[in-house]
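This is the structure I want to talk about, given as structure tokens.
Just so it is clear, A, B, C, D, E and F label the chains in written order, and each chain counts residues from 1 on its own.
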Amino acid sequence: MTTKERVTALDLPMVDPLPPATRKYFDLCAEKLGLVPNVLKAYAFDIAKLDSFAAMYNDLMLADSGLSKLEREMIAVVVSSINKCFYCLVAHGAAVRELSGDPRLGDMLVMNYRVANLDLRQRAMLDFAVKLTKSSATIEEADREALRQSGFTDRDIWDIASVAGFYNMTNRVASAVDMRPNEEYHASYR
Amino acid sequence: MTTKERVTALDLPMVDPLPPATRKYFDLCAEKLGLVPNVLKAYAFDIAKLDSFAAMYNDLMLADSGLSKLEREMIAVVVSSINKCFYCLVAHGAAVRELSGDPRLGDMLVMNYRVANLDLRQRAMLDFAVKLTKSSATIEEADREALRQSGFTDRDIWDIASVAGFYNMTNRVASAVDMRPNEEYHASYR
Amino acid sequence: MTTKERVTALDLPMVDPLPPATRKYFDLCAEKLGLVPNVLKAYAFDIAKLDSFAAMYNDLMLADSGLSKLEREMIAVVVSSINKCFYCLVAHGAAVRELSGDPRLGDMLVMNYRVANLDLRQRAMLDFAVKLTKSSATIEEADREALRQSGFTDRDIWDIASVAGFYNMTNRVASAVDMRPNEEYHASYR
Amino acid sequence: MTTKERVTALDLPMVDPLPPATRKYFDLCAEKLGLVPNVLKAYAFDIAKLDSFAAMYNDLMLADSGLSKLEREMIAVVVSSINKCFYCLVAHGAAVRELSGDPRLGDMLVMNYRVANLDLRQRAMLDFAVKLTKSSATIEEADREALRQSGFTDRDIWDIASVAGFYNMTNRVASAVDMRPNEEYHASYR
Amino acid sequence: MTTKERVTALDLPMVDPLPPATRKYFDLCAEKLGLVPNVLKAYAFDIAKLDSFAAMYNDLMLADSGLSKLEREMIAVVVSSINKCFYCLVAHGAAVRELSGDPRLGDMLVMNYRVANLDLRQRAMLDFAVKLTKSSATIEEADREALRQSGFTDRDIWDIASVAGFYNMTNRVASAVDMRPNEEYHASYR
Amino acid sequence: MTTKERVTALDLPMVDPLPPATRKYFDLCAEKLGLVPNVLKAYAFDIAKLDSFAAMYNDLMLADSGLSKLEREMIAVVVSSINKCFYCLVAHGAAVRELSGDPRLGDMLVMNYRVANLDLRQRAMLDFAVKLTKSSATIEEADREALRQSGFTDRDIWDIASVAGFYNMTNRVASAVDMRPNEEYHASYR
């Protein structure tokens, strides 16, 4: 690999050769997304870690939920904005642009979600994710009740918390190892 | 269930009956730990979510690593102390008391890890976890290099980051849903 | 004294021999509490300082007040939790466990008082103590009025402020000199 | 009393008549200072509280110490500047002007002590007081050692900590009850 | 120039000789104010910079506005209090004392504006300036509406924002170069 | 004007007709930039304010300086990133992309400047701008000396401080009035 292709600051090369199932998964990513997300390459030094990460990611971001896929990406970007995670802002900012068809929305969520013209439901969702990110110990029943008043079910509240929690994890892992996003994201869906 | 047994503030009952594999896993917990950790019961409203959580937990906390199991629990407690997560402080404080045989160490990590008489390696590990928790965007190569100077490999750095990241996730999920720890933890290994 | 008995990081030995009145006070502590609190030993390098500290402590924590002794200890623990003072959390956490007969309440106040199931009066009292600890300059008449609405008299408000203020002093003195609590506290009233 | 003479926001009138010893103490203040400090009037609703406060104040600020009286007042002002305590900044700002004969120094310590042209010893003393005020839990042996390197004894370190701690108490009590300084302080020693 | 007359920590002497228009402006200051404000001397190493600074200052602080000159100075002091800017607190604190005829008000705004007995309109104005200074990204329509409810026009809101913004600039320039206020300010209008 | 063209949340229409000199300036912008920056339209309700803003902007960002135009734009973006100013991040992010020819650099400075691969000189410049933005009162001689060691002259230090200060002003004005950037910026120079 050239320097340009460096994925993290750690010397943890991918298992070589990749196991067939992983190879197939990466090929599928390349086919559907046009790239293998660097985060998957970063985890591929240990297939058990890659698999548990991918399983959680797929469940949270792609499985059935009362939150749309766009809404889950919106949470990802807003949490990452607070944590100033370069990897996640680039990758999930692109996802918001793609899923919303609104490049301006992507920029707003990266820069300051308060300027976006959101409906009350989405604003309540993001306010909860922000409070959970900045001061989780101060969340109380009134905060959950505010989500219910905005139309969210208890299952939705679990999903908002889990997605916001997940990016508080990945933001920190990515920053800890200086993970770099695939360059293709920067210009995509502008 | 009685009020006393309430696990979270959300109305998300466990799948009933539990699938055989889950039933078996819970029975194994009860046999080995004397209890089924409430976090598992909380996730058991959706078996896919429970399974991805358990897989990641088991990989991070129990699989082979350059970090001892105690060291991983120490990171769990120190991260949870910053985030003031009641569930995780109670459950993982007990784990530190158990694995170290030193109840005072458990209290120190819950209250202020700086008062603990740690060797330089463990102190560097916890300082990194704290910085990652409080201001992950400011982590730079010098921080990783400090860990290497303290004797950690790049793989160890990944593990420190992953464990610290994981508790930044679970602290937030637990606080978001007001998850309550099993009462048995409070008095155990004192 | 052995290292184990070190009370602070400063080389300030107790007056030797202690004056008779101090000797008697320490003996009384040993008889009633089963130990001489290390904070008293720490101050005993200068009897005038010890006496003024003990006088203020006794007035605030033991004299008549509209606040129960348990409530005053609850303030002590919650203030110390914000300031992460190891000495005070250990010593006053034990006092909350003793006076309340509820070990879980002690852990809750040490970890995150918001999870405790408090009545509105005690919650208002602790919220005021927390605001006073974190941002005293922002206290205004509305904050005092909220206490009055919760049933506190002006004299009670003085006492809440004085107890919260006192632990903001002692937390800092204890942390400044690395004061260590008597080991007996850790396991007591669990 | 007229509104102008209101000392705090609480309805806690002074004991009337004052006990002879208190009367004498107040008369002595009036004679030596030209006024009875409002903080003493505020405490005079309960003579035991007044006495324990005055004893601690006198010991800390007036008794023998390796710190000059001016240095103790400098700590008082710098701590109060962080806590933005109106009462203490006015009263102790005047004391710094009086004891130093340098009105500009008083303003500097009220506004931003870093602009004052202090010798290294006094700067180290104030830096320690600031760290103790803002983040006491992070004080470690290196901080005490820095004071020793600047020429302070262990007894001096105790005194710096105690004075800084004391104003962290009084700042909070004063702000909690909206204590107002005697108007004479504003223009004195300008 | 003697050390006493040092205006900043940078070696940037005034253009010498000053252009006639600048000379005339400085003479006018000396005549009307009794001094040439050091900030003008600091900028006088580059006349274009001095002129653009003076033009903006004069427009914001002296031109017609729905805010009185005193109100604009009040904003200046409160913003500078948050930023702890020695130069601006000294210079504009004096201006508040002069324009209000109330030395105590000057001290209150320097120390903690919340203790000042302001009408609701001025309090709303200062609260907005404080929020804008501390966390401008959180300003939303509700904040502007609160100003309108307090009697401010949209033009007034622009002026409050511009004056508060201006001192957030000058506070930083002054602190960056260690700008020192003219000594005459300290004792003036006491 | 349509809603889409709303520039701020305030009802402050441009002077109509614009004075000839302003008209000419706006036409020049349209010709050279392809648009009239919304910030100029926002100020055009009062020509004196527009002129003083434009004069300062032009002097700081376009006049001769030891800092390149790109470097001044880099400071603008990094300061705006801390203050989360949507207007300035969009407009000056585009400027960084244009002047550097490196869209990735623009994203890095918007998201977290620490991930950019800067030379030591530019890193020192941005670190100073960040410290000045976050905690200007803590800037001391050592900070200026660090800039000198990185090759900056005293005049350069003035310029870094002035540019960083300026965006601390404009960020706040823009956020206070909800200023919206021209839509063309979002996709430009990607």
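FYI, contacts are C-beta pairs under 8 Å (C-beta built on N, C-alpha and C of every residue); 3 or more make two chains touch, one makes a residue touch a chain.
The structure displayed is predicted, hence computed values, not measured ones.
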Steps needed, at fewest, to go from subunit C to subunit F via touching chains: 2
If a chain touches subunit D and subunit E alike, it appears here: C, F
Of all other chains, the one whose Cα centre sits farthest from subunit C: F
Interface composition of copies subunit A and subunit F: same or different, split at half: same
Recurring contact interface, reference D-E, options A-F, B-F or A-E [over half identical by residue number]: A-F
Subunit B onto subunit F, rotation angle from CA fit, given as a multiple of 5 degrees: 120
Inter-chain centre distance, subunit A versus subunit C - centres from mean C-alpha coordinates, in Å: 44
For subunit A paired with subunit D, centre-to-centre distance based on mean C-alpha positions, whole Å: 51
Euclidean distance of C-alpha centroids - subunit E vs subunit F, Å: 22
Per-residue multi-chain contacts in subunit B, two or more chains: 84-85, 112, 137, 140, 178
Chain-to-chain touches, reported pairwise for every pair that qualifies: A-B, A-C, A-E, A-F, B-C, B-D, B-F, C-D, C-E, D-E, D-F, E-F
Contact footprint of subunit E on subunit C as seen in their complex: 137-138, 140
For the subunit F and subunit E complex, residues of the former touching the latter: 9-12, 45, 48-49, 51-53, 55-56, 59, 63, 83-85, 128, 132-133, 136-137, 139-141, 144, 154-155, 157-158, 160-162, 164-166, 168-173, 175-178
Touching residues (chain side subunit F, partner subunit A) in the complex: 81, 84-86, 89-90, 103-104, 107-108, 110-112, 115, 178, 180, 183, 186-187, 190
Subunit D - residues contacting subunit F, complex: 112, 114
